[in-house]
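Take a look at these structures.
Look at the two complexes coming up: subunit A is in both, with subunit B in one and subunit C in the other.
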Partner chain A sequence: MTFWRKYSFVGLISARSNLAYFGDVVSRVLFLGVVLYIFLRLWKVTYAETAVQTLGGLTITQMLWYLTVTESITLSAPRVAQVVDEDVRTGSLATQLVRPLSYPLYRLWTTLGERLVRFFMNVSVGSLIAWILVGALPVSAVGLLIFVLALPLAFVLDFWANFLIGLGAFWLEDTSGLLLLYSRITMILGGMLIPLELFPRAMQPVLRALPFSSMVYGPAHLLVLPSLNELIELVLRQGTAIVVIVLFVGIVYRTALRRVYANGG
Partner chain B sequence: MKPAVKLASLHKTFILKQGKGFRRTQAEVVAVADVSFVIPEGQSVAFIGPNGAGKSTTIKMLTGILHPTAGEAHVLGFTPWRERSKLAYHIGAVFGQRSQLWYHLPPRDTFELLARVYNLDKRDYVKRRDMLIERFGLSSFLSTQVRKLSLGQRMRAEIAASLLHRPKVLFLDEPTIGLDVVARQELRDLVREWNREDGLTVFLTSHDAGDIESVARRVIVINHGRVVLDDKVSTMRRQYLGSKVLSVKFNELPARIDISGVAVLKASGYALKLEVDTQVIAIEKVINVVLKAGPVADITIEDPPLEEVIAHIYSQGAGSSFAADLEEELNTA
Partner chain C sequence: MLPKLISYLTLAAAYVRFNLKSQLEYRGAFLSQVAAMFINDFFWVIFWSLFFTRFPVLRGWNVKDVITLWAVTAAGFGLAHALYGNGLFLPQLIARGQLDAWMLYPRALLSHLLLGRMSATALGDAIFGFVAYLLMVRPDLPHFVLFTLLTMSVAVLFVGFSILSGSLSFYLGNAEGLAEQWRFSMITFSTYPTTLFDGAAKLLLYTLIPAGFVSYLPVEALRELSLSHAALAGLGALAVLLAGIAVFYHGLGRYESGNLMEMRG
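Entry: the complex of A and B
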C-alpha cells in the first residue's frame, strides 16, 4: 500500500512537472503535423499506384491513424537512457541512493508520469491532424479500451530497455551509439513506418516475436483493428519480455552498484 | 552521550586500471586508510580535506552507498552499507551542487513527495512542514517554481526539505558553494541553530573556512585518506600554527626588526606586518622590540586566518609520522 502511495506520487509529480515544458510540446506537435502530412501523401500515391483498397489489411484512413499512434508513441519517449547515463557520470546516482527509494523504480515512475503527459498530448493533436486529413476512424468504446490496455506494458518495456542502455555508462565512454541503435531498430522493426503485414512474409513471425513490435506496432494495430485475442497475445508477449529484461537489469544493476565509487568520488 | 557516528579502522581501496590492451596494469589506490573517529549525538563536525583526500568516499560509506574494503562503521547503530534503506529514514543529506527539489515545480510539491517517500503521517507532516516554513522563512516562495528561485532561497528550501523526516544526522556537502555573503551567513546561522537547539548532529564538508568556523565545533582533517587532525576548531586555530600576526603602524619610519622567530610579512613605509612564531619567541618580547623600533601609533595582534591554518595542514602531507609530530606539537603547545 505505502509502496503504491510512494511511487504513484512520484509518477504524478513527474507528470505535473512535465506540463511545464510547454515549448517542448509545441515543437513536437509541429513535427508530428509535418510527418503525418508527408506520410499521407506517400501512402496516397502507394494506394493509387497499386490500385487496391487495402494494404496489409488497412484502408488509407486506418493506415494514417495507425501512423498517428506509432508516431505518438515514438515521439513520447522520455530521455531515460540519457538521464540514467547522466546520473551515473555526474554521481547524482549517489544522492538518489541516500533516500529510502529504489532508484530503478523511481526512474520507472518518473518516466511513466512523463510519458503519459507526452503521449496524451501527441495523440490528441495527432488525432486532430489525422481527422482533418482523412476523417474520423470508426472505433467503438471497446476498441478504444483494448487500445488503452495495450499501452502501459509497452511503455514499461521501453523504459527497462532504455534503463539498461543508460546503465551502460558504468562501462562505456558513451552510450549514445547504443541508444541510437536501439531507437532506430524500434522504429524500423517495431513497425513505426510500416505495419508488420507489409514486411516480407518470412520476416513477419520473427518481427512479431521480437519485443520491438510489442511496443509500437502492437498497440497501434489494436486501435485500427481491435481484437481481444490479439490484445491477450500482445500483453503476454509484453509481460514475458519485461520479465526477461528485468531479470537482466537486476544483474547488471547489482554489478553496477558495486562500481558507483568510480564516478564523482 | 550516545555516539551518532562511529568509525573503526575504516579502509577503502580502489582498483585503478591504467593503459590499454596487453599493457593494461592494475594499481591499488588507497582512498581511505584506517580512519577512526566517534561523533557523539548532537555534535557539529567539519570534515575537511583537499580535493581527492577521501572525504566523499568516507561520506559515501557512511550513507551506505559504498562498501568499505575493511573496518567498521555505525551510524545511529546501523551498519550503513548493510542497512542502507533503514538508515535512510534517519539521516538527511544536502549536496550543494545537486538539487533534490524538482526544478519545474514549487518546493511545496517536492515537500509533499518527500512526505510520501519517507512514509510520514499526514498530520505530523503538515505540522513539521509549517514549522520548517516558518523557521527557514520559506513562505514567500513556497509556491514559486524552483527554477525561478535565487540560489540562496533554493538552498534554504533544500535544507528544510532534508529535515522534513526528522533526521538525527544531517550530512552537508559543500552547502554554501556559490552563495553570496548574506545568503551564506543565513544558511550557517540556520544550521547552527538546528544543531544547538534541536540537537541535530551535523556532518559538514566544506572548503570555506567561514562555514567551518561558524557551524562546527570540531574539525576533522583528512588528507591522503588519513585523519591528520581531529580537534576543536578553536584549538586548531590557536595552537596548530603556533603563530600570531602582528600589525603595527608607526608615526615615524621604524628601525629594522631582525630577530629569530619573527618574519616580516609586509613592510610599507610606516606600516609593518609580522608573523611571530610563538614557539621560538614569546609575543611580549616581540612587542618590546617593536616598541623600541619607533613611536607606535597602533598595534593589533591576530591569529592567522583559518584558511592559512588549513592550507598549512594540507601542505604537511600525510603519514603516521606526521600524526605523531602533530601529537607531540599539540602536547608541547
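Entry: the complex of A and C
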C-alpha cells in the first residue's frame, strides 16, 4: 500500500467513525448557538454605540460570519494532546510503535478525519444560526474556494502544536495546564473573539506573525473578505510554521522515544 | 440544628484537608493546574482590557465593571468547586451507577457526596478572583467585605446549578454532554456584561440559565454598594440551590445501581 493510500484510509475511517455518532455531535452544537448569540449582542451593541457601519473593515453581518467561522474552527478541535498524553502514560504508545505506521502520522490523519466531520457540522449549524441572526453573507464560488483552501494547513498546524503538548507527558506530571494556556492563547491572540484589525495598532504586526492567527483569523477573514494575495501569504505563513514545528516535534519525539521501555508479555 | 451544622462543618473541613493532601501527592500537576487557570483567567481580563481600550464604554459598563464581573464569577465558581468538586462529576456518577458507595455512609447523601473531590483548576479561579479584585479594582474595606459575601452567594448558586444540571442524568440516562453544554452556557453568559441582553434573553438569564444572579446583580451591588441588589443575588442563589436539591432527590427515585465493586480509601 502506498504511503498516501495508507494514511488517507486512516483519515477516512476516523471520519466515518465520527459520522456514526452524528446525533451526539449535533447535540453538542447547542453551545455554539449560545456563543454566537452572545457575540451578536456584543457586536450589535458595540456597532450601535460607536455609530459606525464597519469596524475593522467588517459590517455587522461580516463580523458575525467571521465569528461563526472562528468558533467553528476552535470548537472542532479534537482531543489530540489528551490522547497522546494518555498513550504515553498508559504505555499504549509502545503497542502503537510496532504497527507498520508512523505514530505521529497515524495521529495526524485520525485527527484530520475527525476534525473534518466536526468542522463541517459546526460550520453548517453555525451558518444556519448566523443566517437567522444577521442574514446571508454574500460570497462567490471563488471566495468559498479560497476559504476552503485556507483550512487544511490551519488544521495541520494546530495538530502539531497539540501533539507537541501531548509529548510533554514524557517529562511532566500533567499537561492539561499547558493545553489550557495554548487554547486560550489561540483564542485570544489568534483572533477568535475579535479580528486582528481591532487590536491596538502596535500589536497587529506581531499577532499576524505569530502562528495562532494562521489557524483562526486567517481562514475566517478570507471567508468574509476573500483575496488571492492574502491566501498566498497565509499559506506561506502556515507552511513556514508547520516546517518549524515539525522539526521541533521531530527532535522532541526522538528524544522521547529513548524513554520508552517495553517488556514482553 | 446547631450540633448538626457543626458536625457537617467538621466533616467538610476534614474533606478539604484530605482532598488537598491527595492533590499535593502530585504536587507538580496540582500547581501547574492552579497556575494555568490563574493565567487563563488573566488572559480573559487582558482581552477585555484591549476591548475597552478600543470601545471605552458598553451600555454604561467600563473595564472596571468587567474586571469585577470576572473576579466575582471566578472566585464564586472557584470556591464552589474547590470545596464541592464532585458537583462537576455528578452526571458521570449518576449515569455509571456510582452513587452506591456514597449511599452506604451514615450521612445525608448529596451534601456528603459533593465534598468527595477538589478541583485544582477551581482553586486557581478562586485565587484569581480575589487577587484580580484586590489588585485591579483596588476596593475600600466596605466594597471588599461585600465582594467576599457576594462570592459566597455566587458559589452557592454554582453548587446549586451543578446539582441541577448534573441531575439531568437521572431522567435522561447519559446526559454528560447536555449537562456540560448547559454549564458552559451558564459560565459564558456569566462572563459577559448582562446589559448586552434584553427581552426574552433577560428572562432566560434569571430562569433557565441563571447568570443574572452571577453577573448583573453582584456587579450592580458593588457599583452602587447596594445591599438590596446583594440580597436579591443571595435569594436567587438560594432558589437555584433549593431547586437543585429538589430535582436531585426527586431524580434519586429513578436511580439504578451500577453493581460496581469499588474500594474507597
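The rule we apply is simple: the second predicted complex is superposed on the first by the 256 of 265 C-alpha atoms of A that agree within 3 Å, B and C clash if a C-alpha of one lies under 4 Å from a C-alpha of the other, contacts with A are read in each partner's own complex, and residues count from 1 in each chain.
To be clear about the criterion, a residue touches a chain if its C-beta (ideal position, glycine included) is under 8 Å from a C-beta of that chain, and two chains touch if they have at least 3 such contacts.
What you see is a predicted model, and the numbers here were worked out from it, not measured in a lab.
Following the overlay on subunit A, a side-by-side fit with no clash is recorded for the pair subunit B and subunit C. Of the two partner chains placed by superposition, only subunit C is touched by A:L172; subunit B is not.
Within the superposed three-chain model, A:F9 lies in touch with subunit B and out of touch with subunit C [touch as defined at top].
Look at A:A94: by the touch rule set out above, it reaches subunit B but stays clear of subunit C. In the overlay built on the shared chain, the residue A:I194 is in contact with subunit C alone; subunit B does not reach it.
Once the two complexes are laid over each other on the shared chain, residue contacts for A:I73 go to neither subunit B nor subunit C.
By the touch criterion stated above, A:V34 is placed in contact with subunit C alone, subunit B being left untouched.
Least inter-chain distance for subunit B and subunit C in the combined superposition, rounded to the nearest angstrom, is 12, based on C-alpha atoms. Shared interface residues of subunit A (contacting subunit B in one complex, subunit C in the other): none. On the side of subunit B, the complex with subunit A involves touching residues 12, 14, 31, 56-57, 60, 63-67, 84-85, 88-89, 91, 93, 95, 98, 100, 102-105, 109-110, 112-113, 116-119, 145, 171. Every residue of subunit C that touches subunit A in the complex is listed here, in rising order: 26-29, 32-33, 35-37, 39-40, 43-44, 46-47, 50-51, 53-55, 57-59, 121, 177-178, 181, 184-185, 188-189, 192, 195-197, 201. Taken together, the subunit A residues at the contact with subunit C in this complex read 24, 27-28, 30-31, 34-35, 37-38, 41-42, 45-46, 49-50, 172-174, 176-178, 180-181, 184-185, 188, 193-194, 198-200.
Subunit A makes touch with subunit B in their complex at residues 2, 5-6, 9-10, 13, 16-18, 20-21, 90-92, 94-95, 97-101, 258, 260-262, 264-265.
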